[in-house]
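The first chain written gets the first letter, and so on, giving A, B, C and D; residue counts start at 1 in each chain.
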């Protein structure tokens, strides 16, 4: 979403900010207040926190005579930035009934107006922070949807967020293997467009030849795994994974329920039968890994994934760096095409989330954005049906702990090419 | 609140039900949704649960052609009655964003109308259940206020529920000892008026002579206790109490904060300096017990308390059994008067909450109201500033676990009369 | 065990101390080291702690030129006496591999010799402390056996402590009700003999007429309770009890195992089939209470139990206050006799463990022996098959939390006498 | 330790097995029984489990007419091999008082004799399992020492395992940077000698130029880190690391205590002052990472470490693959030498413990040895002062969770070479 600065940034700012509020519109003030587990944040917290980001990292530094909108918000809506002061405890965000939704929207209005008043005068560094703020807000747009999905799932009345917003795809079948040569290849972000610090620097890695499935694992395949005792055989699981299965009583993906002999799934569009052809979603890294072992395959590394998508091509819309218009997808080679690389589910890789060689966090408190989480998490690649337009690129590194199931997490198979 | 049945019950019903809604009026939908600890229930849950009580125990049994208002509510708003089906988990009430406040008020309207349609035809047993439901709702009126006090306390913006609704009393000083003879006395509810099953049967106990303080322990006295190292001396504490002090880091009553060298207290009217003459409130049984040991006294038993209030008299308004008009307080004897028996703080006693000899729970699921909690809790007597009119009587047995601090819990001293 | 002082105390001291060591003899150093849950203490800790008691409360105060045997032991073997310094954490006693068993026995030798050197010169107060120390050691003799029973139970090789030391009694059948008049009666310790402070002062209580079962509930009756769904019906349970059932997965008394369609029980004599006529043992207060509700009865209060045993008589050996010679049991009245009052299982009562009116803890740190535990526990009366001779009396108040199952806890029924 | 099979294996077997018992000799039966945290196993459990390994994976498969030594041991001493049956819960190994030490030594005798009786007849696969069993036992020799160090550390009497067995090294000072070219290099085990499956297959990785410190971080440097507020500055820490600091209250390495203004350290040789020149030990990965950030450096990746040690050479004794005789260390290049690569402390790397490309676990239940733990752990390289002779090689991958501090964990710095 790198912008023709003076010209486009104000417009993009308005569009991204407006989308967040549109996403909250179907939700009542009560819906927007609840926090159903420590990982989940209330909708109105997302709306306020993304605003706090602009207030703290743009206005405070670049607005003449800056004064905070409300001093209490400085702490309430600071997620985890130690460098800019205290934070209200994450697990207790559901206790914050005030400011209410109306007041949060007022906060958004006020900050938007103050940004608008200075945006044309901002220098390059400030523009970079605005741009970072917009990408940050886009991330929270997906989090907002993931989180409200969890909130509504806990309600026995099975509320609907919006009709039909989950994918029910007649996916490609059967899956085919796309062969990739490997060798000494470049990975990581190297061009001009926007990227997070964790995608940099571009660097060289050596890959052995490998093959990647041309589509994601489907719900139908997952039911075969379940029916074959997948959740009951310790030999298929990492030790930590087997422990998680026992501890949490996992027998199926999150949001699946067995009702009258049939698997159903809670979605933002309500509860409906599982569609066998759609990509399986809401499985942990442990489950993805066990499934792969059961299938006689493995998960791809993040570099195998990135290189394949860049090389073999994909038929998905890869949203261009202007954030708004899809660019043509890379041309598929003769050897196959990696379908469903974006827009369905994030895809667990076999790679731990660690710094690239030569990684340098962004300067100042925004350097806390990515680097300090490089421990205990696994990388996911691609994007999901909830990822906003313009927030997808082949070098993007998403990350979650291996037991996480509430993000839009899916699975793609890989295997060695032993020819 | 026993009623001239056919005449008065409809009117009382309307008044009690209206008060609940008035108590919720200052609160936003967001406020009414949050649950800040497992013991706390959201405001709108209280509004719905009290309605569920009438629907389940009156309408379902006595309304011809009964059909539930919403089948999901049967589970969502059943607190703990195993005899009438499943319950939604208590600790997760904050996850229930729907029904929202408006829908809950609609539920109230609908049930009120259905009750109104049959109330004149109800027989004695049914009238008893209506009466029980009204007392139940009054209990929840106090819980609603206790709970929202906790919710608002977690908010660093220090929201105000309503100006000046906490007591700031120029209490009587110094405290004097009221001597009571004891002997073989009757305790428990024995008359015609309404009482819970746990106040029955009236029975005989033997009391040695004793003395009771004529007022509650004040905040000023509590500051002396703190300043004398009360929270740092294990010799003053029950073993479990000392463990609680260590575990929770207690250094003062709940809601007290030391700001700029002065003790402040969070109240429903906002945060203000502690007033030395007001009764100390929001202390656990453990703290009350330790304070008494420090003061060279002890807590009264529940029977000492009840007998003294009945015998020595009190100057408080004891709300009459019609629930609406205060009756004259018993005349004080020459030997002193027990002040602040009601309307300030509930008063911890030295008595465990156990059944009276010959106790028989009410028949059916309403028998779960009191009896099954007779384990691990301590009795409190009197009433508090948040107790609604008509919900106070000398035989009333309130109860909480010894570590509870979020109810309106205060302290009265007793000692042996060794003359 | 009050003694003809100068004459007998040395002899009794030697006998009690020797018994502790005899109880440890069947156990290896490894056995004597393990702690299988926080409530359990290692055997060698019991041997050392009882010695520490004499060192701290007798030698330190009464031995000229006292010096501690080993300064580290002052902390290691202080159980919970805040008044005499720090304590090693209770839950970590199993980490203390040194001093080993041999060194602990050396500690016992040394302290015994030092006590022997001064015992004839001790004044009355010091003699009282020696006597308290002996009763304290007797309590730990039972704890030692309870605890090692738990340790050995966790071992799948099912080790045997000693053949046949658990009761297999052809109990009296059927149970009969013994009717007791009640009235205004004296309870608590009032005579010259030894008693703990918690049994005092003797005082007057009023009892309604009641009936007590003439024997304990049997294992056969408990199997009927299980077979009738006793552990699956929430209506039978206190709320806390039902929670405990769910949390711990209780389906039978502790140490019971269903093997090949038959109930077996782990005992100090090994694992053997449950004997239907023997008193059921190792049930929690919650289970005792649920059983009573299922049986249409209730638990007796501690005063009903004490008064009945004193009045109606018992056929058990009640060990006399000299601790060594059984006295004749009280004569049964015409109305029945309370059998199995002692020597089988401790008997849960309906009474919370609270101070008697006018209770004054012993002076100094030994005052921590009983009083500070008067919270959250229930009283048991009688004694068990593991209680040492001379440690049983009708006023004895044992106490454990309501969920405890590893003591020798049994059940006796009571009911109102509504004639 | 690959062996001239028929000739040497029996001798090596005897030597390795004897060493385990020698390590236990200074310990009493009590010492050998305790388990002070879930990660720690009792000494006698190590002695038994290593024996179980030979019984299960060699005797059961290769001894004619095999019968188990004791059926109960099959479960008691199975650590985590799901493929060969049930396991006794890890966290409760301290509850297993029987078999005692003498019986465990008898178990060792019996299995050793049975192995001796067949060892000369074993085929290649069986010999491989014997060899694996010996390496397994060597790993447990280090675990045994690590674990007993923890056990003895919990004892306030500060017991000594053996005089002076911890390193007090006059380490090289100041540290110097050894520059390594990087490029496309081979890593992983590729030769004939023994290696675990997780060191294979050898494969190619690309490394940018980098520099490695020629020695480990010292305790003196760590004190500088502490004194500069290292444990108090969140900006130095990974998010998970900072959480661990708060949760556990870390202020220094494990086993360090500040006594009278000086840092002391618990060792197997007793408690003594920290020696500034010795390598710091018993720090978590989080601490190592924070220290590196504070020092303006970083941790090396496991491949940087391996490549540097192979290329630049080391002056440490690298024990040859016959397990008994040190081979000459690789010759240092002109550019420096990596000292302290082995024999001091294991060295945290920046690499997560993951499978190498093409990794295939060993067949059968021994395949559970390494592969199933490839999640949530970090790789350590080198070896420690507690590692037995013959158990060190440059491709060896040790691994522990990032919060682990009880292994012999030290720190080596790395940095980019940006020339």
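Here, a contact is a pair of C-beta atoms (placed from the backbone, for glycine too) under 8 Å apart; a residue touches a chain by one contact, two chains touch by 3 or more.
Source: prediction; values computed, not measured.
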item: Farthest chain (mean CA position) relative to chain C; value: A
item: C-D or B-C - the one linked by more C-beta pairs in contact; value: C-D
item: Shared interface numbering between chain D and chain A [over half = same, under half = different]; value: same
item: Distance between the centres, which are taken as Cα means, of chain D and chain B, whole angstrom; value: 60
item: Centre distance in Å when chain B and chain C are each reduced to the mean of their C-alpha atoms; value: 37
item: Whole-Å gap separating chain C and chain D, where each centre is the average of the chain's CA atoms; value: 47
item: Complex interface listing, chain C residues touching chain D; value: 28-36, 44, 72, 75-76, 88, 92, 94-101, 151-152, 154-157, 159
item: Residue numbers on chain C that touch chain B, as the complex places them; value: 80, 82-83, 184, 203-206, 208, 234-235, 237-242, 286, 289, 301, 350-352, 354-355, 357-358, 372-376, 402, 416
